[in-house]
Each structure stands twice: as structure tokens, then as C-alpha cells.
Amino acid sequence: MTPEGLFLAALPEHLLLLGILAILVTDLVSDRPRDPFLLSLVTVLAAMAAAIGLHTVGHVAAPFPGHFSVGPEAFAGKALLFGLSIPVLLLARSEHFDSRFAMLLLSSLYGAGLMLSADSLLMLFFGLEILSLPLYALVVLAYRRPESAEAALKYLVLGGVGTAVLLMGISLTLGATGGLGYEHFAAALAGGDMLSRGAVVLVVAAFMLKAAIVPFHAWAPDAYEGASVPATAFMATVVKGAVILALVRLFGDAGAGPELLAVLIALPLLSMVWGNLAAMRQQGFRRLIAYSSIAHAGYLFFALLGLPEARFEAVAFYVIVYGLTTTLALACLPAGEDWLRDRLDSLKGLYHRDPRSAILIAVAMLSLAGIPPFPGFVAKFLIFRTVMESGLVAVAVLGLVASYLGIYLYLRVIQYMFMSPSASHSRTLPAGPVATAAAVLSMAAVLLIGVFPGVVLGWL
Amino acid sequence: MNGMLTILVLLPLAGFLLNGLLGRRLGPAFVNVVGIGLPTLAFLTALWAWRTLEAGGGAPIIETVFTWAVIGEYVFEVSFYLDRLSAVMALIVTGVGALIHLYSIGYMKGDESYARYFAYLNLFLFFMLLLVLGRSLLVLFVGWEGVGLASYLLIGFWFQDVAKARAGRKAFITNRVGDAGFLLGMFLIFTAVGTLEMDLINEAFAGGLIPVGIATAAGILLFIGATGKSAQIPLHVWLPDAMAGPTPVSALIHAATMVTAGVYLIARLSGVYLEAPAASTLIAVIGVLTAFLAATIALVQTDIKKVLAYSTISQLGFMFLALGVGAYGVAVFHLFTHAFFKAALFLGAGSVIHALKGEQDIRRMGGLARRIPWTFATFLIATAAIAGLPPLAGFFSKDEILWFALASGQGGAVWLWALGSLTALLTALYMFRLLWLVFLGTSRMEPETERHVHESPISMTGVLVVLAVFSVVAGWFALPHYLEPLLPLPELQPERAGLHMAQIIFAVMLALLGLLAASWLYREGGKPADLLWQNLQRLHRVLLGRYFVDELYDRGLQRPWRWVSDRVFLRLGDRVLLDGSLHGLAALARRGAEMFGRIQSGSLHWYAWMTLFGIAAVLIWVWRYV
Amino acid sequence: MTTDVNLLLAVSGMLFALGLVGVIVRRNLLVMLMFLELMLNGVLLSLAVFTHLLGAEAGAVLMFLVFTVAAAEIAIAVPIILLLVRSGRTLDPTAYSGLKG
Amino acid sequence: MSEAMALNLLLFLPVLGGIVLLALPERRADLVRGLSMVVLSAQLLLAAWLYFQFEAGVPGLQFETRIPWIAAWGVHYHIGLDGLNLLLVLLSAFLGPLVVAGAFTSITKDVKLFHGMVLFLQFTMLGTFLAQDLFLFYLFWEAMLIPMFLIIGVWGGERRIYATLKFFLYTAFGSILMLAAVIYLAFTVLTQDGSPSFAFTDLYDLGFAVEVQLLLLAAFALSFAIKVPMVPLHTWLPDAHVEAPTAGSVILAGVLLKMGTYGFLKLGFPLFPDAAQIATPLIMTLAVVSIIYGAGLALVQDDIKKIIAYSSVSHLGYVMLGLVSYNLLGVQGAIIQMVSHGLVAGGLFLMVGMIYERCHSRDLAAYGGLAKLLPVYSVFFMILTLAAIGLPTTSGFTGEFLVLLGAFHAAWPQFEAGATYPLVLVSVAVLGIVLGALYMLRLARRLLFGEARAPEAEGGTLRDLGLREKAILAALVAAVFYIGLFPNDFLQKTEQAVIEYQERVWPARAGEGGQ
Amino acid sequence: MIETVFLSVFSLGALTGAIAMFFLRHPMRVALALIGTMLSLAAIYAQLGLHVIAVFQVLIYVGAVMVFMVYAIMLLDVRDRSFTERFSPLGVAGVAGVLLLVAVLVDGLLRGEPVVAAVPVPEDAFSVGTFAIAFMDGFWVYFALAAVLLLVAEIAASAVIDIRRRGLDVAAEDKERGNG
């Protein structure tokens, strides 16, 4: 591989690294804190542009054979993750934004990029770590209350357990198949012996932990609640998307054996029920989003049940839609003190104070609930069609019924905004201009996808 | 001429619309002109139509107005059909109708809803004409339901009185029960024949291609419809209550015309019934029972209009008896004569009520003959007519009925005749009772009422006179023979063919006997009768309670239905089973949510344990065999 | 040879399990962190066994990377714990359960 | 303007109106109302024009538009008119302006949102009827819930939250299983035909095993039956109706419920004919149970709106009965009955709204003798009551008569072949007309007749109907009588589609008369 | 044979250290027990021929990580409930967890023989020199990434430490408001 090849294939990652370094350098050089917003935004935009460009020209390369390769799916995945982080950046801009936040966010994206191009479990593990480590800090970074640190700690400890489990799985893969490449994992998937099965299920369990699938989900509600709004948005959208997309890539063309299949059916299904039900009675918005994200992780995992060629499309589309709508909802939250704006009560009567935000949140909620004509429906349709196509009709039906349980929690938010009188303590203000920009951006994308889902599907 | 029948039908409709929309604003004069003028015009048109029909030698005139619906091969047309039967009906309807409109001017004077009254009355005429002129069962049904509506509206005319509004509702609902039967019969005929045109239906049945079973079923179902409209057992209960309406309405709708629609229907579809002897027998039995039982009830009623109402039911029973033994023409004949004398009776009663400022209880009347002579005279004539005294109208028609009940080759039987004769006796008895109690003897009126007694205006008495005249002469038209080409009279049973003269004499004797009995029992305000009833207390109670049919319906149908609706459907079904299970599921979801919330306890140790548990579980699962 | 491998794998599994259970059982944040390290050590042992057995360089590389990652995790974990202790004045994680439900 | 473009315009007019609406200032309620009125009136004119352009007796769709939308899945933006949806489109367009006009004075809060939602609702309803692509259909079908959810929830009565959630969750549950069936159909098309498609016409031709058909039909039927609603899936309806604002009730009764029956007619039965044939006795039973049960419940209610709500359950039972007769008479009758019920129940709800606006009570016991207080009102109320009872010359009669005739026509040959049950059911259904009269006349009696009294009527005087209200009701009553007297034009335009329906579902029955 | 004895002894050492970690009260002693375990493992690695790993185990793990840990312990010598009560409320459940997971894992690992046949490995494959060359040859990208990882960790750690400086005032303020 020529140096140019290396450069080109990993261009998005290079750009991100460059951005991190640039911010670091400016931070070190200058005395007073400088606003790294523009720099980080440009970095992400450039990385996304690079990914889209390379996707468009159909670049395919393996600069580190057996470890790192790129292709259409990798670029598409990266582009969409980077794209999703743009509204998150805008959202972050309106609160606690500093150079460290920017660097950590970009680092995490860097890890996501690695995961989406990984060809070996080594690279996957490393990408996952680079993705996760900044998150612990991101959670605590919006430090306004002791709970933030608590949230970070819980995330960190359980994340550490997850890392160990993943490593155990990788180690067993090595033992079972003699290597750490994706082809070895595929062999383990296909193999029926104890080590292979243990390896695969432990790797999957680790991914479930990172994606917050019941019963490995316990960190998520607490971490989301403890984190700041942009950090929550980032975790719920980009991180979750990266984890699942990486898992799809890891599975490749392989399907799960019957034992693993049962796990891949039962736990996501349980997540849907658990997340949807537990979200029903939440009083904090971020916590609600957390439980909702647990349920959505369930839907995303369902895509793995589908036929290999359909998985990426289903997951990618779902991630785009889910990410955009979640960000949209979070971006439209009224501004104010953190504890106050997080309370669902603050949304009461929002329509009368700020109709635009209320409508946008309502759109986001309905899309998350999978109600047409919003794109969440198309995404859900795609997922469950994928499941059904692989012959698991009953499973798809169960999944749909489980997804039905989630409708109420989203309606409840709408009910608060439109049908309840304003709460007496609602000292919140309309969302700020940058957050509004994030909302508008997300909304535009949501609308576009809603009206022309075919275009996005075609692009994927 | 084309359009003649359409004009005939539309005239009253125009009256309804004009009076209904403009009457209130334009005042009583306008209402009078429209309300009387249009029915009169309609009567003239009917005469003209009849003349045209006769000019054509009685060949039916068919007039298609428009096509209501075409569905596949089936065509539902709105068309009118005039033959002798419908011509007679149309003449009765418009003639008596016009008279009663005229009468109403005086009767309803000063009522605040004067225009509404005439509008309704015109509406009734419109639907009644649709009923009698409609060629297809569908059009007939439109009229059928329409007259029911008009009846409902007019019974509840003084709607602020809850009892009156209820009576209207009762009439409508009871009729609806019959209508359900009617509809089923109609459907059955349609399914069997493929058309609803009644002339074609008759032809089809006459052709003998339709199985007897279908004819019987259809006959019975249609008869159920007829029992509703014509107040036959068991659907007779609404008619006495219908007397809540203004008296002219009772005369027109609930005596002369609408209630005879059932008779008309069966006569019209005689082709079906000729093929269904079982259905015919049922009709005869129901008819004679109705006639008898209603007559017994009429014996003890104390409301002047109720007596007449039960008398109407009884007379309708006679008509059905005639229909049941195949003497369709005779039934129509009785219908024809009954229209006059019963209208005269009702209007006479109206005149009495008018004179007494609304008093209807015959126990508080008496001795009115001198005070209101015209009313008395006409009432007397009509009473004699209904009692069957020769040579008045009722004599001829009723005699024919009894004769055919005995001798008809299509189900004539001794017991039908015997019961019918007994009823005839009772008829004379209760009618003369009424006459005695109201007009003769000494006054039992409240002094306040008595002071105001006055004869009715000429518009009312004039009508009474006209009707009385017809009550005399109507029987002289040999209507059954006029209709015979259309509705042939049944063959006589050979062994009884010679008994006609004896039967006539016997009938006259019965009428006279009734007269004598009444004059004896009801002298001095009915004291002898009271003595008699004291000896027959139980029977008296049963009769006063009208055989408790209303109570039976209330306890047996209405209350159970309400109970089922309330307790079973609403409380058990909707609230407990359906909503209950729904709320149960919701509660389950809430419980689940609470449980999940408790599991998320905030303890890091516990979270780690859950993770451990999960890992152990998935490992055990995938390693469970090998 | 098989006995050795089995012995070591069993030890590896036990270390891994003990590490995870230690996180659950001990009531001291720092000790819990150490048990996380114990888990990683369990993994490392199994990796070492397989690397040895198969001569897989990748295994050795992974072990090397695990060291790095372990160091990085501790580097982030300790400041977070310091932050917590600063506000809560205890190393007992049961005191930090404000987020729940 | 070509007809196909006109149809697209018809569908998208509310959207265009909604976009303009967004630009209007919140304070100018009059402008908002005026705009909605203009938009919906224009839509009505367009619908009427299309109705007259619609050619009777031509097989298949007219004014069709078919544009690929999600090409990879074979989803098309595919709309068109046929005999099945023609009248329902006309009905929706007809009720639209009336609803807005009816809300002139009753909706004073969040006027802009309200009209936006009405326009949105109109869009989704028309979309549901016009869609000829299952994906598109489902999209509209579900989207309809959103505006209705808000309309009930924001402008509703005291228990509006409960009612609107119940409405949404109940209907959404049906939809979710239908979605499963839709997905199943989608990939079956792909496996059978090799190319993805959601077009109804392609789906009609799929051959499934009977067991599969039964499951799929069950999924579709659950969704449709909830919306109809058929007993025992009806309990959302009274709550939704009672709590909804007048406009919501009118649209709910007028159009939304028809989506369920339309679903059966257009999709449920034709897609799964074998299953439909097997399920016919069950559906008939449920239809008749609905007729009786709804009538019974309507009798024991004291809330005026609940009475009308339960009457809807009963009336739509007739529609279902007609649909499963599979002969021209019954199905044509069912279509007419749908339209009729839309007009009548919609009108009754409007009238309840009018009286509620004046007296702020829906308690039947609080009223009496309105015929004295509000004579004009009473006349209209009486006419609509009678139409609900199915008195001849009103639309209710046309529908009920044809339905019952058709059902009888279908049941009789079975009776002759030894199957008594269908005939018994039809007979019970015919008896249902008695029960219908029972509760409607009770309503009329207690409301209009008796001693004159009404809450909040000072000195016994109430303002009778104004010109606007009279115009609304006059339009409705005119339509009611028109369909009652001259249904033939409608019937001719729908006939061809009904023939196609019956041939698709039960060709053997089609031969048995009625066609 | 001697190898087995050697491995057994050090395995026992590692397990003893691990179990001791459960029962030692002071975090410092726990740390020492862990170090003991790690050193035992290092010996095992060396015995398995993974010399370079053994070296790293001692250098990085014991040398760097544990020393950092020990510093933290000394810095935070909090003698609170976590000191007096060694076990969490989930002690019993934890023991059940031990039994379960140990049983499952050990059973699974013991029954699961590697299916890939063991390959003859050159004796010095994992000597520092050979391995370094192999590493730099085939896996150098990970070296670069390790640098990135450490950079990221450093940024993250410094960010967290920075919070300690500026964050507490805000936190106290917020808490007051939240309560009030």
C-alpha cells in the first residue's frame, strides 16, 4: 500500500486526528481559552465530506490488510455518524463547550471510524476503547452536580466490565480459531464447539453492554441522566450507532447459529419491553430518552436477525433516523438550568410558550414511536421487514407488539406539551439560537428523509 | 293522462311543504287555504283518476315517476299503479281526508301550532297516497313508514305533555316491530320472485311456480307487518294510546285510513295469500280473536275515544277475518264503510270533547243529546251503522263478513262465524252503551263544564252530516262486486250456500239484541251494568286491564331489554369485561414499569450483578449442551 | 501439555469470574477498580495460553494493547473517583446512588 | 386541468393550505378560519367536479397517478378513484367545510393549531381512501391518528387525556398487527413475483395457503374492526366521541369510522378471499352483535354524545353485514350506508355541539321540550333522527334497506341448502331496526319533547340556530334526502367496482343473484 | 512435568492473591495482593515463552498501573464505611455469582479444547527482539493507535481533573437550587 493509499483510505480519520491536534495545539499555545467550535465543526464537516466523497467515488481499499479496510458501507457508516455529530456539536455549543469537550468528541468519533473499518478484533477492540474512553470524561464534563461523576463512574465500571468481557470473547476466538481476523470470528460463528460459542456470545454480550441491551443496560439510564444534554445526544445516537454498525460489520455475511439466535432474539425483545415500559413513568427527559434508547437498541439488534445483505441498510437507516430524531428532541428542550430543563414537567404547556419547539419535539416523539408519516416508521418497517424476510415471522410480530408498548411514552411527552397547562415553575426559556440551528438542521434532515426515504436508502 | 297520479300524490306534499315552511309566518288564513285546498284538489284529482280508470274499462294505469335504484339486474322504480282497489282507497283517503281537514279548522282553532298541524296532516295524506298508489312493495313501504311517521308526529302533537310524546313513541316502535316482519316478507318475496312490483308478484304466485312454503312464510311475515299497522293482536297496544293525538287525527289516521293499510296490503297481495292457506287461516284466527277481545275491552272503557279505539281494533279484526277466509273484496267493503261511520263517530266524539272543553270521560257526560243535537244525530246514525242495523252501511259489510266466515270455501268455519257473531253482538252493546252514557240519561257533567257546553261550528257539524250521510249510503255500493274482477270472492261451501238469508236475519237480531241490552244496562247512568260487573269482578278487572298485554310487554320485553342493556351490555360487558381488561392491561404495564424502576436501584453493585447474571445466563444458554 | 493448558484456562476463568464478583462484593471503589484489573488479568492469562499454543502474534499484540488500555482506563477512573470523593467524602459506592428509577 | 392532476390537487390542497396557514399570525383567528374554509370549500368543489367526471361502468381506476417513491421497495405514490372510494372521498370533502364552519364559534383556543390539524386530518383521510399502494395506505392510515390525537386531547372535554390515549393506543394496537401483515405481504410479493411491489392490484393476485390467509386477514381485520368499530372492540369509541370537540366527533363519526369498513372492502376481503369466505359467519355474527349491542347500549346512556356514539356501533354493524353479503345489493347498500351514516351521525354530532355551545351540558336529563325553545333546531334534529332510524326517503333507509335485502338475499339460498344460521342472523338484524327506533326516539323524546327546559337558558329562551348553523344543517339534510330519494346516480358509479369486489372475494356468490 | 509443577505453583499463587483480595481490609493490602497475582502471572507468561509479555506485565502493569493505583490509595486514605464494612449489600448474591460464573466458565473452558491444532512455535518467537520486529512489521498501526489512545486518555483525564478545579462551586450552587 502506497502512502497515498494509506492517506486516502483513512482520510476521514486523519482529518479528525488533525482536528484534535489542531485544537490541542491552539489550546496549548494561546493563553486565554479560545472557542474551538468552528475548528471542530470544520473538522467534522471535512471528515464527513471526505467520507461522502470517498463513498461517492466508490473507493475500496485495504491499507492494513486484515486490520483496516474501507468500502462503501464503511464510508457510508462513517459519513452518517459524522453527520449525526454535527447537530450534537451545535447543541453542545450552547452549553459547556470548550476545547476539551471538542477534542473528546472528536476522539470518540475517531474511535467510531476505526470500528467501522475494522477487519480484525484487535482493531475493533481498539476502536471501541478509543470510542469509550472519551465518553467517560464527556459524561462527567458537564459537571454541574455530583450525579455527573456518579454517572461517569457507573459507566466506567460497567464499561470496564464490558471491555473485559469483550476481551474474553476475543481471547476465546483466538483459542477457537487461531486468529483474530474477522474471518476467524466468522469461523467461530459457524463453529459449534464450546470455545466458538463462548467466544461469540461473549463478544455479542460486550456489544450488548455498550449498546445497552437488557440485562446489560443498567448503566445507560444513570449515565444519560447524569450527562449533559449534548453528551446524552452523542451517546444515544453516534455511540449507539457506531457500536451496532460495527457489530453488523463484524457479523459480515455470517448468520447466527441457533443458540446465539435465541440470545439475539430474546434479549433485544426483552430490551424493547423493558425500555418501553420503564420509560413510561420517567420524570426526567434524558432518562426517558435513555430508556427509549434501550428499546431502540433492541430494534437495532433485531436487524442482525436479518439476511446479511439487508442488515447494513436497515441498521444505517435506522441509526440516521433515530439519531436525528433524538437529537431533534434534545435540541428543542427549553433552555434553563439543567435540573429544570430535564424535568418533563417543564414541558407542560410548552406549545403555548414556544410552539415551534413543541411541534418539533412532537415530530421527534412521533418519529421515535414509529408513527407514519415520520421516517421512524420507515426505519422500523425496514428493520422488521429484514427480520421477517429471514423467516422469523413470529419474532417480527413479537417485536412489533413490543414496539407498540413504546407508543404511550412518546404520546405522554406530546400530551404534556399540548394538553397540559403550563407548570407554575416553568422558568425555562426558549432554546437558544445555536440549539435551534441544531434542531432546524435535524428537522430538515428528518423531513427530507421522511419525504424521500428512497433517496437515502438508495445512497446506502 | 300521464302525470295524473303523480300530481295526486304531490298535491298534499306541496301542502306539507308550504305549511311547514311558510305557514307560521303567513298566518292561519294561508294555512287554511293550503291545508284544505290541496287535499280537496287531491280528492278531485282522485275522482278524475277514477273516471279515467273506468273510462279505460278498469285496466290498471301505471305511471313511472323515476328510477330509484338499479342494482345489477334489479330495477327499483318509483311508479304508481291505479286499479279499482287503489282507486277506492285513494278516494277514501282523499275524500275522508279532505273532510277531516275541513273539520280541523274548527277543532284546532287557536292552537299555537296550527300550521304545523296542517302540515303534518298533509304529510300524512302524501304518504298514505304513496301507500295506496305505489306499484311496488318498496313504494308501499315508503308510504307505510311515512304514515307511521305522520302518526307519530300527530300523536305527539302536543309534545309538551310527556304522556302524549310517549304514546307517539309507543306507536312508532310497535309499528316498527311489524315493519321488521314486513321487511322480511318483502325480502323473501324479492328473493323468490326477483321483483317488488306487486302486480308482478301476484302474477308470479298465481303462476304456481313459487313453493307453498315460501308463500306461507312471506304471507305470515307480511301479515306481521299488517298486525302492526292495523293494530291486530299482538301488536294492537299502540292504538288506544294513539288517542292522545288531536281527535280529527284519530278519526283520519287511527280509524279511517292508516290503520286499514294492513287490510289494503293483504288485499293487494291476495295473489300470495291465495297460495298460502295456512297464512290465511292464521289471519282469520287473529282477526276474529282481535275483533272479539277488543270488543270485550271496549265494553268497559270509560274514555270516549278509547271506546272508539277498541271498536276500531275490533272492526279491523272483522276485516282481517274477511281477508283470512279469502273474501278480500268484502274486507275492502268493510274498510270502505267503516271509514265513514268510524270517522263520523270519532269526529262526533271530537265534537263532544270540543263542547265539553276537553272532557273525555264518559262517566262525566250524559244527557248531551239536546245540548248538541247535530252531533247527537250524526253520532246516532254512525252508531247504528257500526252496530249493523239495516239498511245502514255497517249492516251490509259486516253481514257479508260473517257470511263468508261461515260459508267461504277458503277456510270458512262455524267457530269463526260464531265468534264473529258474538263480537257483532258485543259491538252493538258497547256502541249503544257509549251512546247512552254520553247523550242520553241525565247529565253527570261538572257544573263548570256544563255551563260551557255548546254545539260545534258549522265546519265541524257540516262534516259530521256528510259523513253520516255516507254512513247510511256507503253500504249500498256493491263494492265487492265492483272489485270482483280484481279480487274474486271465494267459492262457497256447497252445504252452507243456502244459509245466507238466515244469517242476515240472525245478524240483525244480534244488533237489536245489543241495542236492547245496552238500553237496559245503561239507563240511569249505567247502574244496572255496575251491578252486573260487581258480580263479575274478576272479569271486569281483566277487561279494565285490557288483558294486561301492556304489562306483559313491559315486564316481558321492555324491562328485560333495558336490564340486559344496562346490566349485561353496559356494566358487565363494556365496563367490566372490555374496559376492565383494558385497564387491567394498563395496570399491568404500570406495574411492570414500577418493577423495572425498582430494579434500576442506583446501586453500582447491583448493576454489576445484573451484568454478571446476564453473562452467566447467555453462557449457560449457549453451552447448555454439547 | 493438555493438562497445563486446561489448568491455566481454568485459572484464567476463575480469575475472570473472581474479578467480576469482586466488583459486586467489595465496598470500596478503589478495590473495585482493582478487581476490574483482575478480570483483565484473567483474560490476559487465557490469551497467553492461546498465544503460546498457537504461536499467534496477534494474541501477543492484543496483550500488549490490553496493558495500554488498562493504564488508560485507570488514568481516567482515578480522577473520576477523586471527583466523587471530593463531594461525597466516601469511597463507598452505595453512597452514590442518587441516579435511579 | 387533467383529471389526474385534479385528483392530486384534491389530495394536496389541505397541505398547501396548511403551509399558508403556518405563515398566518396566531392572533388572526378569523384569517385562519377563513383560509381553512376556503381551502376545504375548494376541495369540495374539486371533489364534486371529479365526481361528475367519474365515468360509471369503467373497470379499474380512474384519474390514476403512479410515481415511484421508494424505488428499492417498489413503493409508489399511487392514487386513483374507483367506485369504492369515490363516495367516501366525496363525503370527506363534503364534511370538511361543514366541520370548519361548525367550529367557527366553538373553537377559540389555539385556533391555528386546530385548523392545521383539521387540514392535516383531511389530508390523511383522503390519502387513506385514495391510496392504491399498501405502503402509502398504511402511511395515511396511521398518520391519521396524530391530528385526531391532538384534536381530542387539546380541545376535548374533561377526560380528554384518557379518551385520546385510549383512542390512539387502541387503534395503534390494531395497526401494529396490520403492519406485521403488510410486511409479510411485501416480502411475499418479492419472493413470488421477483420484484417488490405494494400495489393493491399486485397484492390481490397473491395466492396464499388458507391458513396463512386466515392469519393475515385476522391481522388486517383486527385493525379495521377496531376502527369500524365492531363489538367487542368498540369501547374506545364512546369515550373518544364524548370527549372530542364537536369537530372531532363529526370527523370521527363521519369519516374515520368508514376507514375501517373501507379497509375491509378494499383490502381485507379482496386480499384474502378464501379466509374471508371462511370468516364470513364470524364477521356476520359480530356485525349483528354490534347492531344489537350498540342499540342496547345507546338505550341506557344519558349522555347525548354517547347515545350517538353507540348508535354508530350499531349502524356500522349494518355496513359490515352488507359487506359480507358479497352481492351487489348488500355491498352497494353498505357503501350507501357508510355515506349515510357519515352524514347523519356527523350531523347529529354537529347538532349536539350546537346545543352544547348554548347550554354547556350533554346530559339528556337536563333537557326537555327543545321543540318549544328551539323550533328550527328541533326540525333539523328530528330529520336527522329519522334518518338515523332509517325512515324511507332518507339516506338511512336506502342504506339499511339495501344492506338487509342483500344480506337476506345471500342468506336465503344457504337456508334452502340447510344452513339456518345466516338467515337467523339476518332476521335478528332486521329486528335491529326496532331497537334503533327505540333509542333514537328516546333521545328525541327526551330532548325535544316534554316540558321545555334547558340548562343556562335564562327565562326559558335560547337563541335558535343562526344563519351559519342553518346553512350547515341544510346542506346535510339536503344530502340526506338526496341519497334517500335519488341514490341511483351514486349506485351506478359504484357498481363496477362492487362487481369487481365480489368477483374477487366470492365469485360463486356473485353468480347467485344480485348481479 | 517440571513445567506443570511450575505452572501449578504460580497458578496457585495467582489464585491465592485473587482470593486474598476479597478478604483484605485495607486497599493497600488489596493492591499488594493484586500485585502478587500479577507477578505470578508474569512468571507463568515467562514459562510459556512469552518473554516480552512477561516483561511488559511487570513493567507496565506492576510498574505503572499499580503504582498509580497505590498513589491514589494513599491520596484517598478514607477510612469510612467502605473500610469497616468490606462487603457490599450484595455479598451473598455475589458469592452465588462466584459459584455460578466460576462453574460455568471453568466448565466451559475446560471442555472447550481449541479446535485449531497447536502449531510448533519457534522457541524465541516471543523474545523481545523477535516480537518487536514482528510487531513493527505487521502491527505497527496499533502502535500508532496506542499513542492516540494514550493521548485521548490524557486529554480525558486532564479534563476530569480540570473539572475538580472549577466545578465544585457550580455544583454546590446547583445543589442548593435543586433542593430549594
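Things to note:
In order of appearance the chains are A, B, C, D and E, and numbering begins at 1 in each one.
Criterion: a residue touches a chain if its C-beta (ideal position, glycine included) is under 8 Å from a C-beta of that chain, and two chains touch if they have at least 3 such contacts.
Everything quoted here is computed from the prediction, not taken from an experiment.
Common neighbours of chain C and chain E under the contact rule above are A, B.
With steps allowed only between chains in touch, the distance from chain B over to chain D comes to 1.
Using the mean of the Cα atoms as each chain's centre, the chain most removed from chain B is E.
For the pairs A-C and B-E, the larger set of C-beta contacts lies at A-C.
Centrality by C-alpha centroid: the chain sitting nearest the overall protein C-alpha mean is D.
With centres taken as mean Cα positions, chain E sits 100 Å from chain B.
Note: centroid distance chain A to chain B, computed from Cα atoms, is 77 Å. Rounded to a whole number, the gap between the C-alpha centres of chain B and chain C is 95 angstrom. Separation between the centroids of chain A and chain E, computed from CA atoms only, is 29 Å. Counting partners per residue, chain E has 88-90, 93-94, 97, 101, 105, 108-109, 111, 113-114, 116, 119, 139, 142, 146, 149, 152-153, 156-157, 160, 163, 167, 171 as the residues that reach two or more other chains. For chain A, the set of residues touching two or more other chains reads 122, 126, 129, 133, 136-137, 140, 143, 146, 152-154, 157, 161, 172, 175, 178, 193-194, 198, 221-222, 408. Multi-chain contact residues, meaning those touching two or more other chains, occur in chain B at positions 597, 600, 602-606, 608-609, 611-613, 615, 619, 623, 626.
Under the contact rule stated at the top, the pairs of chains that touch are A-B, A-C, A-D, A-E, B-C, B-D, B-E, C-E. On chain A, the positions that touch chain D within their shared complex are 351-352, 355, 366, 371-373, 377-378, 381, 384-385, 388-389, 393, 396-397, 400-401, 403-404, 407-408, 411, 414-415, 418-419, 453-454, 457-458. Of all residues in chain B, only 66-74, 138, 141-142, 145-146, 149, 152, 156, 159-162, 165-166, 168-169, 172-173, 176-177, 179-180, 183-184, 186-188, 190-191, 194, 561-562, 564-566, 569-570, 573-574, 577-579, 582 touch chain D in the complex they form.
Taken together, the chain A residues at the contact with chain E in this complex read 17, 20, 24, 64, 67-68, 100-101, 103-104, 107, 110, 114, 122-123, 126, 129-130, 133-134, 136-137, 140-141, 143-146, 152, 172, 175-178, 191, 193-196, 198, 337-339.
Those residues of chain E that touch chain B in the shared complex are 88-90, 93-94, 97, 100-101, 104-105, 107-108, 111.
Put simply, chain C touches chain B in their complex at residues 20-21, 23-25, 27, 32, 93-94, 96-101.
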